[in-house]
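Chain naming follows the written order as A, B, C, D and E, and within any one chain the residues start at number 1.
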């Protein structure tokens, strides 16, 4: 084993040699520089593996004396890990900076090495004064690094930094010497055990030290300087400061925070939380990407402080290594690679004038993939390490303190909103500018992230996680890898992927989940056929669609809470990406993302609470023992995702603005995710149907009101996709309401309705996508008369609207019949009334849909419109055949459903031959189908006798006398079709929810702006803030300590 | 009314002719007309244009246009008469003063062939769709000849002058002599 | 054999309902005329009109859906009727009521409406589309009190089967729903006014402004079919109301008396009131009738 | 009879319609529809005669005399007659008085939109020979040159009784199977069309308004 | 609390006051220097034991006597390092000030706050 001290020595030494050697032997100098870094990395990793495999921590005594006389350097697993991080960050950073350094001779490389060396010193040293020295070394070298830039901004922010850190070091120094005075030693380990520490003087001195470190850690509000530094620095240097330097200081904090009594830790936790929330709040207002990253870094520091102090306050000094590794390790790795990666991306994509435009990043496929990966990693989505960290953290905190969970999740919500906003901007760009060489570094970063997470699973840290849950991820990547192939081969491969996933997932699932997974995969594959029509313009779309289908499907195959949460997050992320690839979808995707993430976080809080309360991992047991609060949180999360009334405002835009070909997957499949979630919760939860305050009745009302308002809003839309979106919202409302019933009939109805919704909503969206692709518009009043041009599409839409409206004989009626029966059986009569009203209002938009698009006057520009391509028609008619089959023989479908539901509720319906008997009435789908055929054929045959004299006329051959029809546009009654309805009851359809959420957004924005004003840019203000911060903190600490 | 005429005479070169106590006509020149009408509308409260009509003074080779205005507060009407050349029948549009004047002007354009340049839609069809002859209200247009030429007159139609027709005694209507007595 | 007998009975039942529906129409027209002090058309005028419409030699069609519109409409009327038991306890007039219940009947009403609306839509006449818009909007409104009333009945009798509901009312006049559940009955009767589209709720077919609305373009046999349907559909609606609220009928004469009386309700209201605008009638139905329906649900 | 049915009907030119709108209008010319079997036709004619649905065209002054027909005093509904708002469903077309060229155009449209069999009643002297406007530059003199008229009711204006008498006459004509105006219009289509086009110079509609 | 340490704290306060109230960069740096000096005084005062001598092993003070006769050597060692570091920081700050003045022609701290929010 190499002496770890050598890393430090080599780095320092090479720093000096480099400066001396560079003018004479460039190659040798550079080799030495990188050699030193690689050496350090290699040594650290070697030690790390040593420790992981059971090595014992050692203490290095460079002077040969033990404390208090000599300096002691600690060297254990944590130190080795952090120093690996530091060297890795340093190595990557120096590679990224190589070009800059080579072109302009400066002290940069030396200072860089000094910073690294100082950081290593900070990590290893266990001597207070030694720490002070290393703090100053790193501060000065980073300040120096700042000044190496061409612009004076570096000097300015360096000045501010030195001012504030100077102040901090004064505090540190005073604290140090007083501690020395009290305890007689400078070695941390000895101070900690010193009895003198407990007194007031010891407390104050320790406080000064820790306050100085907090200032260095950029805790709000004493962090304005850091924001300026990170904004003005060269991005790679900013990455170095934000990751390497900060992580080193964080480790210092980790070493010394036990100096203070444990009951004061809550103050640190709060300070960390405030930093976390305020940084992300202020970050929302940033339009400079690098400054946003600065805020993100600061927020991360806050989170670290929270995590460290909180775990310590819960576990004392015996924090389980597993938890510490996952939470801190996960976050630190993410911080290093993702945040560092984003800084490197900024560096790489800056134009010659130093301006950074994030749209340039997304303009290349590789750049897009990389920034997507980095941002998703930062946002804590699976399979990135931060995801596991987040899960573990929230699960651990939920066990003891729910408010902290909510604060953390609020901050995280701000963060993910902000990150996704930038991602949306990045992906918006089309390739206009010259393509850069791929940023290899970021690629490496991404790769390591994925590698780590998979490694984490192999390490067996999560025994409740089955690797098969990551199938969607591999499917997504596999589909992405073949994106260069011709379209049809690509689609065939995609369908194959879905099939393989089915083989892998379906046998492992059971019950409702199994059926669900199979159905989602099947319908996804069916819908994929439509893509055969034409080559894809967007290479992202197909992999994302495959990913969406798989992530939605995998929800049925999960067994543990962690697996559920993982697939839920994957589904959210992938579907948001699918939406954001639409033409003008940036804003709507952000809205979707915001509400989905808010729902997901509620779900996370609920799951974490349930898991920690039950101590179980298995989904069924978790739900079975879950406390009411967690059931409420979980179902609230699902309701958010389902877009029920109140949080529905993302629905129309997300559906309408996503690509026409993507919408069916979102509308028909993704919308089923919350449904299966609700079903799973209520299936397993023991008391979900009793609840503290009739929670399910509330959900039931939310459901029917969603159904009603969805239908009402749909009636007033002009955009066909928005109409269908609101229609989906309404249908989901019915399903939620009947799930909430918690009765046998209700659940049969729910499953039946959900399955139908997949069928006819998929059918509708496929058909309408075909129409839109032919007519090149999605505004209904611009279409019209298409029945003559697209008769097969018309039939498809006709079938689906009959199915949706519940008119017999198509299977929609069965759903409605069971729904009303269930409502009446349960005594939910008023809800039944509202549901009936909703289904009446549904007629309005359904008629409007078919009339405005297919009937009425054809427009001149659509005179040569052709029928949809065969690739659309085939899936369309397969679905129609399925609908007709179900209509004729509903028993085939219903019997399995009823068997599934029987496992949860006692049966209240039974079959008599083809007659389904409920406690209220009966339904014979078979007979109804035949009678309908009969009564339909009778007049038809009568009329067929008269078909000979009939003259087929043209559109304008309508009744008119004084005024002849001018143009098809003026003759087609389409725009604002239900104006009278709006006049009658439009007052209840005012966009109140939209106004409310806009208000929330504006208030958040204003708050963020207010928080952001703290960073005034004036170094003196920053210094004052530091003093104030320290004073206030001291005040609070005294309160708790005494 | 009289004071109005007096005031007008002070400002414009007009002749007046009073028909009733609340109805006067003044003759003006085509050149003065817009100014005169604007004055009447804006300063003399004659805010309403009742009608605009034309008479074919074929003997003078002129059209006489009459602009009838009303003062709703005093119930007084004033008609402004303007004569324009019949051969080159062009008149200033007053559609900017009263929007509905465009309809009258459209009608005059169609029926008399008087052009009002700048009047909106003045050349659009009004009543006659696709008329190809000289404008039918011009007195040199022989409407009877045109009707006979165009409308397939039913043979056997006879026309009697009302005066002679009313004198004839119909045995079915014994009260006719009473009527006859009235028609002299 | 069973099927043949059933089909024959069904045929008889349909013919009776059709003839009765048209006759009621004729009688009402006669009565209204007499009230006006006119002589009025003969009672059989609706039949002549139907023959006349079918006697048109030429017909035009705007497309397949236009042609299917009346077919849907008539099928909707027929279907509604065949799922309702017309005479309680009668083999002939039991129809096909065993294969469905009240919900089926309610939704089958939509079948015809939808088809007609589609046919009218393909006709392409602006007035048709406007009228369909009005009609659908008004329908959503008057279906609400009706639905509330039906739900109230279902909880009252704990069944959705029409035959069972009729059976429960056989204990004498006071066991009729109109007496046992008057709120629900009145809510439904308000809805019936809207359903019959008599004045004041005839904005849909407003003959002067939007020439008859949906059937503007229909003529000849297509119109004849619509008129035929009017006969059967009126019968179906009246019989449904009779069954649900007025104790059903044990034989045809009682059926005739009861249905005629129910029909007269909307006729009397119709001749007495002028027309509502579409939004007014929507708000009307969402007002008092809906409150009645909600009360009917809450009071039980 | 067979020959008329199978006659290949030349498509109409529809020159009056702008070129980009021609595809919106049917370009077939009308064809006569033969009567059916004598007895059937007799029955159908009875029905037609007893269910006369009126399309009233009332821009002429004669239309003022149509209103009383609907009142209690005259009540034509007792004869099975009813006003009908759409030409598609009407069978008798009442021209209420004089027709100018402009209104004739609208009358032709409405007439052509009615379905065979259809009947025309000319009301007032103006429809007979132009009446008091006989020498106007703008009034049609003889309606039967433009549409096949079944019954004229003379008078200026004819009283409601006269109109009812006219309807009686029309009914007996229908019953006798002689009211074949629609077929006549189709058979002499070119003649009618040329008369119409002679006076309607601004022919901006299809040649036959289906 | 010795006089020296009180003086040190006074210097710290004076320096801090200068740092926080002066607008001129140079004066701020001077303030920083004063504060630094104050800190050094405090450190030295903490190690001082009355009646003892400087902890320098030479003829006057043998290694054996050192524990009993010399003041605590560690604060003195610390202060030496601290002085060096303070000097370095001051130098760095001054170099920043020079650089800022070269490019912005100003030494007013209010004029260099364009990086904000």
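By definition in this document, contacts are C-beta pairs under 8 Å (C-beta built on N, C-alpha and C of every residue); 3 or more make two chains touch, one makes a residue touch a chain.
Owing to the predicted nature of the structure, the values given are computational and were not obtained by experimental measurement.
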| item | value |
| --- | --- |
| Touching chain A and also chain D, the following chains | C |
| Furthest chain, CA centroid comparison against chain C | E |
| Farthest-lying chain, centroid of Cα atoms versus that of chain D | E |
| Chain whose averaged C-alpha position falls nearest the assembly-wide average | A |
| Pair joined by more contacting C-beta pairs (A-E or C-D) | A-E |
| Chain centre separation in whole Å, for chain E relative to chain C (CA means) | 99 |
| Geometric centre distance via CA averages, chain D-chain C, whole Å | 36 |
| Whole-Å gap separating chain A and chain C, where each centre is the average of the chain's CA atoms | 53 |
| Between chain E and chain D, distance of the C-alpha-averaged centres to the nearest whole Å | 114 |
| Contacts with two or more other chains, residues of chain A listed in rising order | 949, 951-953, 955-957, 959 |
| Where chain D touches two or more other chains, by residue | 33, 86, 88, 204, 210 |
| Full enumeration of touching chain pairs | A-C, A-D, A-E, B-D, C-D |
| Chain C residues within the chain A interface of the complex | 54, 57-65, 67-68, 70-72, 74-75, 78-79, 82-83, 96, 98-104, 107-108, 110-111, 113-114, 117-118, 121-126, 129-130, 132-134, 136-137, 139-141, 143-144, 147-148, 151-152, 154-155, 158-161, 211, 216-217, 220-222, 225, 277-280, 282-283, 286, 293-294, 297-298 |
| Residue numbers on chain A that touch chain D, as the complex places them | 860, 863, 949, 951-957, 959-962, 964-965, 967-968 |
| Touching residues on chain A, where the partner in the complex is chain C | 785, 787-788, 791, 794, 798, 801-802, 805-808, 813, 816-817, 820-821, 823-824, 827, 829-830, 832-833, 836-837, 840-841, 843-844, 847-848, 850-851, 855-857, 915, 919-924, 927-928, 931-932, 935-936, 938-940, 942-943, 946-947, 949-953, 955-959, 971-974, 977-978, 980-981, 983-985 |
| Residue ranges of chain C touching chain D (in the complex, touch as defined) | 29, 33, 36-42, 45, 48-49, 51-53, 55-60, 207-208, 211-212, 215-220, 223 |
| Complex interface listing, chain D residues touching chain B | 100-102, 105, 128-130, 134-142, 145, 195, 198-204 |
